[in-house]
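Letters A, B, C and D mark the chains in the order given here, with residues in each chain numbered from 1 onward.
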Amino acid sequence: MTATLDTDAVLRVRQQVSDLHAELVRYGLVVWTAGNVSGRVPGADLFVIKPSGVSYDELTPESMILCDLDGTVVEGAHSPSSDTAAHAYVYRNMPEVGGVVHTHSTYASAWAARAEEVPCVLTAMADEFGGPIPVGPFALIGDDSIGRGIVDTLRDSRSPAVLMQNHGVFSIGKDAKSAVKAAVMCEDVARTVHIARQGGPLVPIPQESVDRLYDRYQNVYGQPGKA
Amino acid sequence: MTATLDTDAVLRVRQQVSDLHAELVRYGLVVWTAGNVSGRVPGADLFVIKPSGVSYDELTPESMILCDLDGTVVEGAHSPSSDTAAHAYVYRNMPEVGGVVHTHSTYASAWAARAEEVPCVLTAMADEFGGPIPVGPFALIGDDSIGRGIVDTLRDSRSPAVLMQNHGVFSIGKDAKSAVKAAVMCEDVARTVHIARQGGPLVPIPQESVDRLYDRYQNVYGQPGKA
Amino acid sequence: MTATLDTDAVLRVRQQVSDLHAELVRYGLVVWTAGNVSGRVPGADLFVIKPSGVSYDELTPESMILCDLDGTVVEGAHSPSSDTAAHAYVYRNMPEVGGVVHTHSTYASAWAARAEEVPCVLTAMADEFGGPIPVGPFALIGDDSIGRGIVDTLRDSRSPAVLMQNHGVFSIGKDAKSAVKAAVMCEDVARTVHIARQGGPLVPIPQESVDRLYDRYQNVYGQPGKA
Amino acid sequence: MTATLDTDAVLRVRQQVSDLHAELVRYGLVVWTAGNVSGRVPGADLFVIKPSGVSYDELTPESMILCDLDGTVVEGAHSPSSDTAAHAYVYRNMPEVGGVVHTHSTYASAWAARAEEVPCVLTAMADEFGGPIPVGPFALIGDDSIGRGIVDTLRDSRSPAVLMQNHGVFSIGKDAKSAVKAAVMCEDVARTVHIARQGGPLVPIPQESVDRLYDRYQNVYGQPGKA
């Protein structure tokens, strides 16, 4: 394995994953040490994840933990995030996923505490999530329950984010940055739709319009060749 | 067209439009890459707008996109904002408008998700908006529907901002700075009035008082000769 | 009047009033150019106030406006705040007041849009306000109506802050810093009590306890000789 | 006592307690001068606490106040926090406690204004608090009432935080950092659960699952040998 660990790919993912935690802080998705980002190492059965219980100010590329797809530490001076098993399960079972993010962001977790999906009433939601943000099962940490709940829910959904009941958000993407974007957008629309509904009945978006928005955004938006 | 592109006017608008995006960030009106500012080039059938899918931290005057009033790129290395057609429609049809802003700011978008106008119950709203903030139609991206919805709604209103149903806010002004101010004030009053109504019935402001406040603010407030 | 203008007292108040606007920004009480602080010049019939329509980033001691107690500009290159007449009325009619602050802070303005006082259900409110935060009348800008509404309401109250109906907050203090503190605390308790009441019935504090808390805080709290 | 005051232990606690106030500011738990952190000096009957009425920007290790367990000042140029008697009572009666924090953080204080405990509907709450966050009695400042209310409530609870009725939060920990973490997490879950319940009925977590989560988190989470 040592040969693999020396590659530039690992160093690049260490840097990306370390840096992306600052986006969780910037958008107010995390307090203290509660959230984490991971990224798959392209071309290897490995991923990089946050160390457990370390503050966001102290994160560096070097302090990130490199794990294999069983969640076993391959390289790292600290213990990996206590959510490592869930990340590993996603990477093992969704080969198209290159990044995973977990947060307890406020509004998303509020929907999760009611086990209620976020209805799709905003064009930005149709763009990014292609419909409602679904709810996954209540699952305890300690085995594959959380990972299985994430994968079973997201496999049947266009959404890159799942609200795990009584817990928080897991989001996925083709790389760590895309998964962070999904986590940021998930909290943003969870907040807007919550506030909207406090004021009265929501206006639904017709399914056909949701479909057209989702198709356009996934295939046209942004700079050519960029996420 | 090259002669026009060399003028100081284009450079000034590039700088203004680039800088004004920081105000969207400062006031929490945008997440990730979701909002955009544009400004008309004085004396030319051109406007400057944000590139698509580029983060606010990376914006520079040089990376802004110069478009003609059909929304065709005249100068720029990136694709323009995916909302460019809506901005262009406004500039074509409202010659008095020198700036346009689009956001998905939270409270304004919450009113939009209910297709409900924000009632005018604050003197600051009477000052800036001259009455309620109106709702525009549900419109899909891809043709002139959004632009037409904006113009049709704002033509019949004193308000410089419109809540596009299930979508977000478009605001206008005599220049880009005025349009940003309208976007900032729109979110501010959308939030205050939402919270006010959660607590019980609102006290209306008599129409005559709304009229007097609007007239004074538009003609007296601020430094002489300034917005 | 020139002799008076040269004194250190004027310079000190210019500096204090300029600096204190940063506290309005820090605590999120203002957007764009909407709030203002003023301070009386000790030993003179003069006060210093924010210029109108100037952004908080651009404020300097030199750009502050010096006015007499009729609100007439004595020294200053800009127009004074459009709320200057209200500040002047307070200084003319409440000689014990050395500072005045005006904001449209969100939660306080939300109570004002319902013309509802904030009930005293927090010990911090009893400390600072000695009871509920009262509501003043609806008053239009342009004459002494706002100033008279502030003074008439605060004369009968322990509270250093008043919620002007459909408008916002005016707060007073022995100096500008105390008035800013009252504005900050007013928004803080307006927010907490709003949120508390959204969740169910509030528990009142017995009047005798309110009285004891108010008396202790006004006479004992903080460093000896400090506000 | 002079010999004790010279030790490195006092200097370390002065530094920690001074620094930790920045976390209260960072997480928005305090406005103006309203909250305070204290830390017990290991191996001595002493604790370090914030001076009264001093702004968070001006705090330094040197300006912290050293008190004995009766709350009497041993070393310090200012008056100690007006909440010193409550901190002292906790240290006298809970020898396992090494840190105490007091705030009026918004959402926690909102539950306290209704005298309502925060129900345990989030796995992060089960982890940190082991069940609901309990409510302590209404108590006036000036004697041991507040301290006794804190101790009597927390002795019967797994929770390291108590909502003092109509007042705010007191939290405890094995050291000052742990008590700050409890204060941060208390506000975070008080906010999430408030928002969740505004949207409809909460889904409870079975007691057995709460117990398993609490046990794992207290014994396994984080880096070996760290809080």
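Things to note:
Simple rule for what comes next: contacts are C-beta pairs under 8 Å (C-beta built on N, C-alpha and C of every residue); 3 or more make two chains touch, one makes a residue touch a chain.
Which protein is which chain? UniProt says A, B, C, D = L-ribulose-5-phosphate 4-epimerase.
Note that this is a predicted model, so its numbers are computed, not measured.
Farthest chain from chain A, judged by C-alpha centroids: C.
In a homomeric contact, the two copies may use the same or different surfaces; for chain C and chain D, under half of the interface residue numbers are shared, pointing to different surfaces.
Averaged C-alpha coordinates give centres for chain B and chain D that are 45 Å from one another. Computed from the mean C-alpha positions, the centre of chain A lies at a distance of 32 Å from the centre of chain D. Across the assembly, chain C contributes 198 as residues in contact with two or more other chains. Every pair of chains in contact is given here: A-B, A-D, B-C, C-D. Across the complex, chain D is touched by residues 27, 121-124, 181, 184-185, 188, 191-193, 195-196, 198-203, 205, 209, 212-213, 216, 220-224, 226-227 of chain C. The part of chain B that touches chain A in the complex is made up of residues 31-34, 51-54, 78-79, 82, 104, 106-107, 109-111, 113-116, 138, 140-142, 165-168, 194, 197-198.
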